[in-house]
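Working notes, structure below.
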Amino acid sequence: MSLDLYFDYIIFPILSASVALTFIRLLKGPGIVDRVVALDLIITIGIALITVYSIRSEEPVFLDIAMIFALIAFLGTIAFAFYLDKRERK
Amino acid sequence: MKSTILQAASRYLLPILLLFSIFLLLRGHYYPGGGFVGGLVASIAFVLHSFAHGTDNTMKILRYKPLSLIPAGLGIAALSMFLPVLFGQPVMTGLWINQPLPVIGMVGTALFFDLGVYLVVVGVVLTILFTISLNTH
Amino acid sequence: MELLLIFLIGILYAAGIYLMLRRSMVRLLLGIMLLGNGCNLLIFLLGNITKGKPPVIAEHAKTFTDIYADPVPQALILTAIVISFGLTSFAIVLLKRVYLLVNTDDLDGLNTPEEEDL
Amino acid sequence: MLLTILSGFLASILLIPFGRYLRFERGGFMALLPALLFLYLLSYIPVIGRGEVPFEHYEWVPSLAVNLDFKMDGLSLLFSLLITGIGTLIFLYAGSYMKGQAYADRFYGFLYLFMASMLGLVLSDNILLIFIFWELTSISSFFLIGFNNTDPASRKSALTALAVTGLGGFFLLTGMILMGNIAGTNSISKLTELAAAIRADNLYPLILSLVVAGAFTKSAQFPFHFWLPGAMKAPTPVSAYLHSATMVKAGVFLLARLSPVLGDTTAWSYTLMTAGGVTMLYAAVHSLLRTDLKGILAYSTISALGVLTFLIGLGTPEALTAAVTFTVVHALYKASLFLTTGIIDHETGTRDISGLSGLRKVLLPVFFAGILSALSSAGMPLLFGFVSKDLIYEATLHAEGQFAVFFTSIMVLTNLCLVAAGFMAGIRPFTGALPPEYSGLHLPHWQMWVPPLLLAICGLFFGVLPAIAGGSIVSPAVNAMTPEETEVHLKVWHGFNTVLALSVATLAAGTGLYFLNKPGIRKLRFAERFENLSPAAFSGRITAGFTRFSSWYTNIMHNGFLRSYILKIIIFAEILLAWELLGGGPVYINFDRLSSAGIYEIVNILILILAVVLTVTTSSRLTAVVAMSVVGYGICLMFVYYSAPDLAMTQFTIDTLTVVLFVFVLFNLPPFLNVANKKIMTRDAVVALAFGSILSITALKALQEPTETTVSKFYSDFAYTLAKGKNVVNVILVDFRGFDTMFEIVVLSIAALGVYSLIKLKLRPSEKE
Amino acid sequence: MTDNQIITPVIVHLFTAILQLVFWRKTVTQRILSITGCLIGFALSLNLFTKVLQGGILTMNAANWQPPFGIVFVADLLSSTLVLLTSVSALAVCIFSATGIARSRMLYGYFPIFHFLVMGLNGAFLTGDIFNQYVWFEVIIIASFVLLTLGGRKAQLEGAVKYMALNILASTFFLTGIALLYGITGTLNMADLSQKVPLVKDQSMVNLISVFFLTGFGIKAAVFPLYFWLPSSYHTPPSAVAAIFGGLLTKVGLYALFRFFTLVIVPDNTIRIILMGMAVLTILTGAFGAIIKNNIRRLFSYLIVCHIGFIIGGLGTYSKVAFAGAIFYLIHDIMVKTNMFLIAGLIRQLRGTMDMDRLGGLYAGYPKISLLIAIVLFSLTGVPPLSGFWPKILLFSAAFDTSNYAFIGSLVLGSFITLYVVARMWSKVFWKSAPEDPPPANNFDLLSPLKKTSLVLPVCILASSSLFIGLNAEFIARVADTISNEMIDTTPYIKAVLGK
Amino acid sequence: MTDILIAIISTIGALAILVASIGILRMPDFYLRLSVTVKAGTLGTGCLLACAAFMFDDVSVTTKTISIVFFLILTNPIGAHLIAKTAYHTKVEKWKGTHIDDLESINEKTETEAMDKQE
Amino acid sequence: MVRNLLMNILLSFIWVALTGSLYYSNFVFGFLAGFFILWVMNRNETDQRYFTKAPKTIGFIFYFLYEMIMANIQVAYDLITPKYFFKPGIVRYPMEARSDIEINLLSTIISLTPGTLIMDISEDKKSLYIHVMYLKDKDTFIAQIRNGFEKRLLEIMR
């Protein structure tokens, strides 16, 4: 079994399943914080997916995207935290 | 909302993000990146800082109003667009310095144009976000 | 894959329009954003999608040696994304201002009777 | 001829804005211009008499076949003499009448404008040029009727007059253009040559009805007559000039002018005669019911116009001769009567005949003018009116077969009323005992009483010597209307015949009617009882109904609800798209052109779809924002999978920033509005899904089209070699299509400025605009 | 052949705006810059217009890339005429703004955004690339949003929300159309599209695409049943802004419709019939609306809608004469509609309201201004020989040629109602005596002569343009005729752009 | 040899991510979910990035992967911390099994202080 | 210390330049070689921190990775099995770390280990509030952190 097939039939499905599971949490909630955390995890898994995709298509260029993800994804989380905190204080 | 951790983190995230944005700007012609993304990342750097330290403090770092970046950026972009006319070329024609510079590579009007884009994007995003946050909190 | 994308695009348009038909201003905005996304994907799809071959010329090459994705739709979408960002941000702030004036999220509250004209 | 017309326009253009720097007490000198023009036009009499038709041609808008073509034939001469001749007297009269009035200068300006337009109208040899002047007369009339603009009734009348004549004008324009299109020329002379072809055209009935509608509105034919009595709100010189002697005759003129082109068909005759017949009788009866002098005159004018229309419709050379003669006659006596009425009004302050009597004792010359005119209108022998009445009866009696009696009898009936009406206006105020309150009246300035007297004397002069008018004016005018040469001999005495008998009978019966008819408030009431059925009331109801409908329609369409607008737009697009889709044949899918899907793509798309659904259905705003971000990030991953790293980066950063923005803005917003109405939601869902489906099918169809890659190949080939970049997307953005980028950052900048101003700018209360 | 002067009317406004941003909050400098910029813009566009009139179509290949690869700017007679008219309107409006716009608005970027808007309009007229046209449209939209909301009064914001939502919807339709068009032809250059569209295998696809453009442009042009944003918003912003909106915004949509449906896609019968139906209903809708409105600007808004129907009818008739008529009307309409809103602003300055019931006595109080306004009103109603009259001849002729009686009927009705409502307005605003309790007037009489001039001069400029159009109808008719030739036969355009 | 290494590391990474996603779905309260997900996610992604570094065997790629991991380590905990803090402040419920809460007393104290000040 | 680090990096670049191959293994080899040379050169200097801390840092990274993986496995096991074994709690942890950078690093590291999560920092920046998943005993936990992560970290930092 070559590495390509391994990625295609093992790694990708696992990651996809993970995104799907995480998304279920996002759908279910119950609180907004749960959704935010689910979103954060989805982005993290997204980074993983991009990495694997980059390996699979032998294009290191995609890692640049992962880099941006890694650097600024948490800004959304911070924004939500900021918002919830503000709302609480009101 | 005060968080020591965030404050401390933003202190080193700000330069990292800014450096990263310049990196994106300069390499845009060769790899994914460019003025837009560069500008967006740079503005995110300041937004992050403002989350941690409050917008007023971020404005102090910036020294100039972000609004003033807009004419600066537009001016640079417009001039690099217009420069070729002085050489009898149609507007927007690329003019290049013959020898590549180290690190940056080929330097031409395209790069200045991208720089203009970068500045405008920073100016715009910060103007929008800071105006809102300064006037509603 | 294209079929799935087409389906998604249809959903995005439908959802965008459905939200725009609601009374809430926030939903109106969300609808606009969904429509924008749908439109971008449509451009993308119709530019013929290519997997894993970004339109970036290799390190030592002068032109493409392999197949590559069509760069034109990408450039168009980039422009469209940035433009809709500008519009959206303005719209979001407009929404806020409107709220401050009429104190409701209800678009139906935006009908000042004619007598109150300027 | 051009100069003749332009002089008036020039005078008006100078007077209207700058007149007030020209300080004068009496405007009598204003009559100088029309007088000069009159004298100049007189010089054409011998020319026309020789059978020449002077013609002038100046290019104006040749592309639209509108040129300054002027033709002086008998008809034009007749009318232009009336316009300038009566105009001279009117200006003289107005000079005194308007003395001391504010804005008298402007008044003269509009009057000049009118005169010049009228001259242009009668001299034009181009149907569109005629229309141009036609409209100008409407406009100047509007300003003149509304001259006393602080009076609501005056304004209302002006508006009604403009509305009716304006509507007619548009019909006329349409008819003219259609006629010009069919014939391929706008020149009346050429149209006359092509008359047969025009009458044979399928569209002839349409042309006829449009032109006639225009003419009828202007000439106040039933049922469009109702604006004319209202127009009497204008200062009396205007009533005399526009609404009796000249402008209202423009319609008659037009019919006369076009009768060689459109006339001589049954449709033409029936239309004109029916309208004319109804009008003359209806208005004549009405004139007897009025107590207001001007009202009487207005209705008798309408009736006279009906007579003219009727005669033109009759169309025989005799009828046309009668029409031309009657035009002159009517102009003379009606203008005179209006002017005497004006003097009475000016001196006594009332026009109600029930309160007026014995004025001959104080206003003797005016009395002479009045009685002469009234008698002329009655057809008293030795006055010009007699000649015309003879001609009219002759014409009706000679009508084809069984109609002769019928036509003659309605004509007699009409005339009989008109006799009485003429006496009421011209004689009654002067006879009887003078009420004491009027005993101190003085004769006004000569500029006021000389003109009516002069007009009346003219009637006497032509009545005694009709051949002068007949040879010099009437004959050429009649000949301009008929294809064959017609001999016209106006005579005082035709011998004893049916016509004479009828004339005498009319006069006698009319006089009797005059003595029997005591107009008073009771009769007026009686007339008003039928007001509901009158065209005026009818048009009022139409207007009201129209306004109600407009209001209903506008509020239905533009109801203030954004979602209803969007719904309408989407449904519109959907119907069109569905129509085109159905017309385009079946959609097939070429699976060879499609690519396979990996598990990660499928999962991604599924999540995207679910996220979209969540965005739509969630009742929490924040959840919607989160779901929206999932959509954005999901699309971002699609961009990664399909080789668009730049897009992925941009989409991601922008999505994140949008979240930040939303969060900045959202937190003090009111709760998410959740108004659930199942029915509406279902409807909207159906509409939205239909649109989505149509779009999907369209996209699918588009995918089947083979891809053309010349452009993108060019970019890829030359990105490095010519534009020195390797990231082709970026090269496109900053070089190949740099213009897009340049102005998209402008969009961003404007958005930022907009946000800045939206938040910070607070207008001060004093700042209105 | 590539010629930089095509783009100068765009560039001059770009640089003016940037300079004004540099002089942010310096209102005097901004005013001077604005008027200077508009004057230069006028000179440049006049120059462009004469060049094109004499020498035919000019093109400029941006960045020196051969079309269809780069973005090309094309000045044919249609676009250069519209650019010229835009410059005239812009000049008038910017002079008016110098006094007519509140200082606070100037402090927050009124002038730069105004120039961006004008730049966008010029760009939209000149570009030969369909996606680039999208960008210009967005520049126009966002600039108009900002101008519409500038000041943030309640009515303004209410109008802006509707304006925004519907215009963004329009952009979405437009962009969707572009996507589909690129998908089937692989090009964005309009001349190139013109050649490639007929080669598309599935022509039903072309028809479908034309619906998207029809809807998108139709919304922008405010035709029935897509016009709703216009009467929702035009009565809300300051009059100077409304003037540029009223004169030019919908015209850009009309321009796009004309350009698209003559050059890029020749519409099939369905689309033509639809266009015709839209035209008729647009006229009626506008007319019905105008009849019931009592506020001057609301009235004008509906009149705009009504007259858009005239122009669209010209497109729907799809003949050379009809095109000429529509273009002539367009030329007239830009001048007049801009002026109408300036007049509304002037009335507002004089009397502090635009409600006809609360107005009155202007004829007595300001006779000269009233007469000046009368000229404009008569031009609007098409009283001959003023500018609105001439195009109607062409439109009627064209409609008769195609036996289109519905169009003729609606033209008559529309013209009549225009005449009626304008006369009624004249009667109410100018003739009627001022009401007993007049609203607090703006102190026009207290303004300095310079300021008074800056309010009246623009109306004069535009009124004389109208007079020029009316009295030199031959010249305009020739221009319109040449333009309609360009529309019927697009080969010169294609040759100029693609060189083949 | 490298292939096997890559296979192992990538499996670890993928499994870690799976753990994270199962965690976020199964954990009974918000804090526990957060606790699991951020770290497992980071670990998994880190492993996969390491795979990429091995795979491409290129300095530029390696530096890139290292910096990505670095950024992840830098940013993820901050996000987690902030959202946890907010959740606590906004009184997101804790699982019933949470037996010690040192923060609760502190918060109560500050709240009463604030109330005192107001009075 | 920084001088040594920079020197070391410089040496590795020189190595890369000399060999002309830009693969990371080459760079790592250059770095190790440089480290060795520097260590040899600096044996007589007083400031030896660089040479002790560098290996310690690497050791710390491995320790951290080990902890992380172990903790992950523990959580994973817990998740896969139907029954939950955890006993969560929020603990106040008095830090020894003082400077911002130390606090940050410590909190980052604690956050990254499954089972622990920083909830808050006290106003005086002296204690951390940590959410712990498997909190059998508070003091044991505190000691564990103190002797584990914090001690190692401070060794490197100070």
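List of remarks:
A, B, C, D, E, F and G label the chains in the order they appear, each numbered from 1.
Keep in mind that, in the parts below, a contact is a pair of C-beta atoms (placed from the backbone, for glycine too) under 8 Å apart; a residue touches a chain by one contact, two chains touch by 3 or more.
Heads up on the chains, UniProt names are A = Cation:proton antiporter; B = Na+/H+ antiporter subunit B; C = Na+/H+ antiporter subunit C; D = Putative monovalent cation/H+ antiporter subunit A; E = Na+/H+ antiporter subunit D; F = Na+/H+ antiporter subunit G; G = Na+/H+ antiporter subunit E.
Treat the numbers as computed from the prediction; the structure is a model and nothing was measured.
Once subunit A (Cation:proton antiporter) is taken out of the picture, touching still joins all leftover chains into one piece.
Farthest chain from subunit F (Na+/H+ antiporter subunit G) (centres taken as the mean of C-alpha atoms): D.
Just to note, of A-B and B-D, the chains joined by more C-beta pairs in contact are B-D. Among the chains present, the centre nearest to the common Cα mean is that of E. With centres defined as mean CA coordinates, subunit G (Na+/H+ antiporter subunit E) is found 67 Å away from subunit E (Na+/H+ antiporter subunit D).
The centroid of the Cα atoms in subunit C (Na+/H+ antiporter subunit C) and the matching centroid in subunit F (Na+/H+ antiporter subunit G) are 31 Å apart.
Distance between chain centres (mean CA atoms), subunit F (Na+/H+ antiporter subunit G) to subunit G (Na+/H+ antiporter subunit E): 16 Å.
Chain centres here are Cα averages; for subunit A (Cation:proton antiporter) and subunit E (Na+/H+ antiporter subunit D) they lie 48 Å apart.
Listed for subunit C (Na+/H+ antiporter subunit C) are residues 16, 20, 28, 42, 45-47, 51-54, 56, 72, 76, 78-79, 82-83, 86-87, 89-90, 93-97, 107, 110-111, 118, each touching two or more other chains. Along subunit A (Cation:proton antiporter), residues 15, 17, 19-20, 36, 53, 58, 61-62, 64-65, 67-68, 71-73, 75, 78-82, 85-87 each make contact with two or more other chains.
Across the assembly, subunit D contributes residues 560, 562, 566, 602, 641, 645-646, 649-650, 653-654, 656-657, 660-661, 664-666, 668, 695, 699, 702-703, 707, 709, 711-712, 715, 726-727, 729, 733, 735-741, 744-756, 758-760, 768 that each touch 2 or more other chains. Applying the touch criterion to all chain pairs gives A-B, A-C, A-D, A-F, B-C, B-D, B-E, B-F, B-G, C-D, C-E, D-E, F-G. The part of subunit B (Na+/H+ antiporter subunit B) that touches subunit E (Na+/H+ antiporter subunit D) in the complex is made up of residues 67-68, 70-71, 74-75, 78, 82, 84-85, 89-94.
The part of subunit E (Na+/H+ antiporter subunit D) that touches subunit B (Na+/H+ antiporter subunit B) in the complex is made up of residues 2, 4, 7, 11, 14-15, 18, 21-22, 24, 60-64. Listed in rising order, the residues of subunit E (Na+/H+ antiporter subunit D) touching subunit D in the complex are 14, 21, 62-63, 65, 68-71, 100-105, 107-109, 112-113, 116, 119-120, 123, 127, 131-132, 135-136, 138-139, 142-143, 145-146, 149-153, 161-162, 165-166, 169, 173, 176, 180, 183-188, 196, 200-202, 204-205, 207-208, 211-212, 214-215, 219, 225-226, 228-229, 231-232, 238-240, 270, 274, 285, 287-289, 291-292, 302, 345, 348-349, 352, 363-364, 367-368, 371, 378, 383-385, 389-390, 392-394, 396-397, 400-401, 408, 412, 415-416, 419-420, 423-424, 427, 430-433, 442, 473-474, 477-478, 481. Put simply, subunit A (Cation:proton antiporter) touches subunit C (Na+/H+ antiporter subunit C) in their complex at residues 53, 56-59, 61-62.
The part of subunit D that touches subunit E (Na+/H+ antiporter subunit D) in the complex is made up of residues 16-17, 20, 59-64, 66, 103, 106, 128, 131-132, 135-136, 139, 142, 146, 149-150, 152, 155, 158-159, 162-163, 166-167, 170-171, 173-174, 177-178, 180-181, 546-547, 549-551, 553-554, 557-558, 560, 562, 565-566, 568-569, 572-573, 576-577, 579-581, 583-585, 695, 698-699, 701-712, 714-715, 735-740, 743-744, 746-747, 749-751, 753-754, 756-758, 760-764, 767-769.
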